[in-house]
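Two complexes, one shared chain (chain A), two partners (chain B, chain C).
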Partner chain A sequence: MFELFSDNSDQFLSGLWVTTRLVAASFLVAVVLGTLIAALRVAPNKWVNRAGGVYVEIFRDTPLLVLLFIAYPGLRRSGVEIGAWTAGIAALGVYTSAYVAEVLRSGVFAVARGQAEAGLSLGFTQPQVMRRIVLPQAARTVIGPLGSITIAMIKNSAIVGASIVALPDLLKEARIVNSNTFQTEESFLWAAVGYLLLTITVTIIFRSLESRYAVRR
Partner chain B sequence: MSFEWVWTDNNLRFLAEAFLINFEIALIAMVLALAVGLPLALMSLSTIAPVRLAAKLWVDVFRNLPLILMILFLALQMPESLKSGWQDNAPGFLPDALRSQFILAGITGLVLYNSAVLAEVFRAGILSLAKGQQEAAAALGMTYGQQMRLVVLPQGLRRMVPATVSQLITLNKDTTLVSIIAIQEVVRSGRILSGTAGNPFSGGGDVQAPILSVMIVIGLMFVAVNLTLSRLSRRLEERGAERTATTPAAPAVAETAPA
Partner chain C sequence: MKSRWFTTACTVTVLALAGAGCGSDDGDDGGTTSAASTGASSTAAPAAGAAEKFPASTTMGKIQARGEIKIGVKYDVPPFGFKNPRNDQIEGFDIDFGKAVADALGVKPTYVEAISDNRIPFIKDGTADLILSTMTINAERVKEIGFTNPYFIAKGRILQKKGGGITGVDGLAGKTVCTALGSTYEETLKKQAPKAKLQLVDTYSECLELIQNGAVDAVSTDDVILTGMIIQDDSLELVEGEALTTEPYGGGLKKGDTAYTEFLNGVLDKYKSDGRWATAYEKWLGQYTGEKQEPPTETLDSVLAAAAG
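Presenting the complex of A and B:
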């Protein structure tokens, strides 16, 4: 069992590294896009709200696999020269951004109304109230849910590798090791260990963030 | 981008029938996952430590592994006798896709993962009931079994309906993953239609079906079904909140995560 790992450690480690980079880059995309969409969702204009809502529903209700087929073979066959990495990161990032937007939106609404009203009555403008009073408190309540989203993202990154041939992530490398050695149980076990390592690391990071910043209400 | 293929030949029907397969797989997996998830949840609330640990281990392992990893592993590692046994003996009224030798691996993977998720949903549902409910039942002289069966579960289960429906949405999307183990559901059918599945059959017509537009149509099918389900889940949530004794002032942050 350990022999399989030491014999193929290059492949497993490079796969782990590819998965890590894929998740990190997609996380950035998801948070930036998700914040923009959440801003639309809490804006005071009804039509702007709706537009954000449509975005969330479309990308949350479409399977990631379908998004990946749109982003990579779909675009390439229509003559768009998109790279494997760009397509993978875009699909995973956009898919997750819908979930991030929902969490941020509910985080904003979880801040008691009196907080914003108190700010307004003290003479803060609406943007000031958002920036100085509502968002700092909202950020604290969303740490936990963002953690579960990140963990889901690590798991979903395996779908990216399974459908885009040119992205040798951890699962793909494990499958290659399996087809070279025919040791299916061990190959998949080491891949599972890699994914659990990543999810445990992320859990620890978010838990310590939560215990430092979260407020009990 | 051309959508001409949609209204030529039987292409749309070809996709719609395959989409039905996804829904069937989702329903079968959901029923089985519920049947496994409820005992798991009760086990994780048990007072006997080894039982609790076993349930926790199951939940933590299957919830934290990528679903596609489990499905691929099961497809490779399931005993040959089981695979061909199913293929040869599956009841004839099932559609071809559900008689495939890999369908057992696909459904088992979906059930393992979703039973772990649902067990957590159930556990949270039971724990969210006001503690006084069970205490009152105990004070009335009910046994543990009676407390669960007559007081806790009827209220707890009702609380879980919305979360279970949203899990069905996730499960619905996850059924596309079995296309990777060559089960002909909607994504695979879409690839066959657009000639990207390495299959000589390319839709049966002269009209080209570009994979981009095929996948967009498939995506819209999922949006239509899942949107209906999420509306339903929201309505159930609003209705259910009034009917059960829940602990007040739970923070309103969505606990949804993509899976």
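Presenting the complex of A and C:
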């Protein structure tokens, strides 16, 4: 079992590195886009709200595999010279951003209305209330759910490798090792260990963030 | 109100579980059917009149008792194995040989999709009784599964867009080449074109998509599979020059099943000698390529020896 890993460590490690980069880049895209969309979702204007809602429904309700097809062969057939990496990161990032937006929105709404009203009555402007009163409190409540989304994203990243985008990620490398060695159980066990390393790391990071910003109750 | 919600939730859960249960039953019904129909095998296989009856302990006998042979084939590799979108039938050169095997047993052929990456596990775990899926006989695979004598000899070639500028295997340096994960070309390309960038996908239809939309520069695999792609899209062409490899296709079966191997080789010999092989060749390849080919005379041992030497 350990022999399979040491014999093929180059492939497993390069796969793990590809998955790590894919997840890190997609996470950035998801958080930046998700925050922007969440801002639309909590804006006072009804139409701005709906625009954000449409974005969330489109990308949350479309299967990731379909998004990958649109982002890679779909765009290429429409004349966009998109690469496999860009397509993979864009699809996974945009897909996840819809979930991030929903979590951030519910976090903002979880802050009691009286808080914002109190801020406004003390003479803060609307953006100041958002930045200084609502968002810091909202951030605490969303750390946990964001951790779950990140872990789901790590697992979803395997779809990018298995799809037509075919990035050489951890699962793909494990399948290549399997096809060369025919040691199916061991190959996939090591892939599972790799994914577990990533998800446990993310769990630890989010746990520590959570305890650092936790409200003492 | 609360209890009603609880009831609804329970009902939904139970239904979902029941649905999942039914789904997984489908996967096992080969086993249960074979157990149930063992006693009634004479009625289960009405076409068995012409077929030889095999002892129940042999693989052939078990297949006859079940009334169907499960054959793993490609669903997306015309002209060898593909699902015809017009009538949903599985067709091709591999399928015609599969029918000949089923006829010899007097049973009905049923097909499962076996992609390059899962066909060997399918043999090992009994999902398929026989694999006819453009599978090359080679030394690594012989360690895992058994093979029939070759029923077709393909050549390894490269496909590019017309005017792509690749002139030989050396021209692949720095280019992106698509092939199927788990196929022999992964190794072949690493050896013969070490500077090429490999794009490993699950199915050859994905390679066709990727070369059509320009994401890869070339596709490398067996000439007949590439010919199938050219039949679908005539803006593609084969790169001239010597073949990369020789790829003898064999039928895959459980390792060490000598009686079953001999039976399959017997069916193949008859298939080759009575003209059915030539008919299938003309139907699936000859009429498109304009080429003629004789049935292969090589045996499993001779192709393994040739590969080793």
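We take it that the second predicted complex is superposed on the first by the 212 of 217 C-alpha atoms of A that agree within 3 Å, B and C clash if a C-alpha of one lies under 4 Å from a C-alpha of the other, contacts with A are read in each partner's own complex, and residues count from 1 in each chain.
In the analysis below, contacts are C-beta pairs under 8 Å (C-beta built on N, C-alpha and C of every residue); 3 or more make two chains touch, one makes a residue touch a chain.
Computed from a predicted structure; not experimentally measured.
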- Message: Tell me the contact category for A:Q115 with respect to chain B and chain C: first, second, both or neither.
- Response: neither
- For A:S14, select first, second, both or neither according to whether it touches chain B, chain C, the two together, or no partner. neither
- For A:K172, select first, second, both or neither according to whether it touches chain B, chain C, the two together, or no partner. second
- Is A:A84 touching the first partner chain B, the second partner chain C, both, or neither of them? second
- Query: Where does A:Y95 make contact in the superposed view: on chain B (first), on chain C (second), on both, or on neither?
  - Reply: first
- Item | Of chain B and chain C, the chain that contacts the larger number of chain A residues | B
- Could you tell me if A:T184 is touching chain B, chain C, both of them or neither one (first, second, both, neither)? both
- Task: Figure out whether A:T35 sits in contact with chain B (first) or chain C (second), or with both, or with neither.
- Result: neither
- Message: Quick check for you: in the superposed arrangement, does A:V66 touch first (chain B), second (chain C), both or neither?
- Response: first
- After lining up the shared chain so the two structures overlap, which partner does A:I164 touch, if you call chain B first and chain C second: first, second, both or neither? second
- Message: Taking the stated contact definition, name every residue in chain A that is touched by chain B in one complex and by chain C in the other, in rising order.
- Response: 73, 77, 162, 175, 178, 184
- Message: Applying the document's contact rule, which stretches of chain A touch chain C when the two form their complex?
- Response: 72-73, 76-77, 81, 84, 162, 164, 166, 168, 172, 175-176, 178-180, 182, 184
- Query: Tell me, which parts of chain A touch chain B in their complex?
  - Reply: 57-58, 60-67, 69-70, 73-75, 77-78, 95-96, 98-99, 102-103, 106-107, 109-110, 141-142, 144-145, 148-149, 151-159, 162-163, 171, 175, 178, 184-185, 188, 191-192, 195-196, 199, 217
- Report the residues of chain C in contact with chain A in the complex, numbered from low to high. 116-117, 120-121, 140, 143-144, 181-182, 186-187, 199-202, 206, 209-210, 212-215
- Query: Which part of chain B faces chain A closely enough to touch in the complex?
  - Reply: 1, 64-69, 72-73, 76-77, 169, 173-174, 176-177, 179-180, 187, 190-191, 196, 210-212, 215-216, 218-219, 222-223, 226-227, 230, 251-259
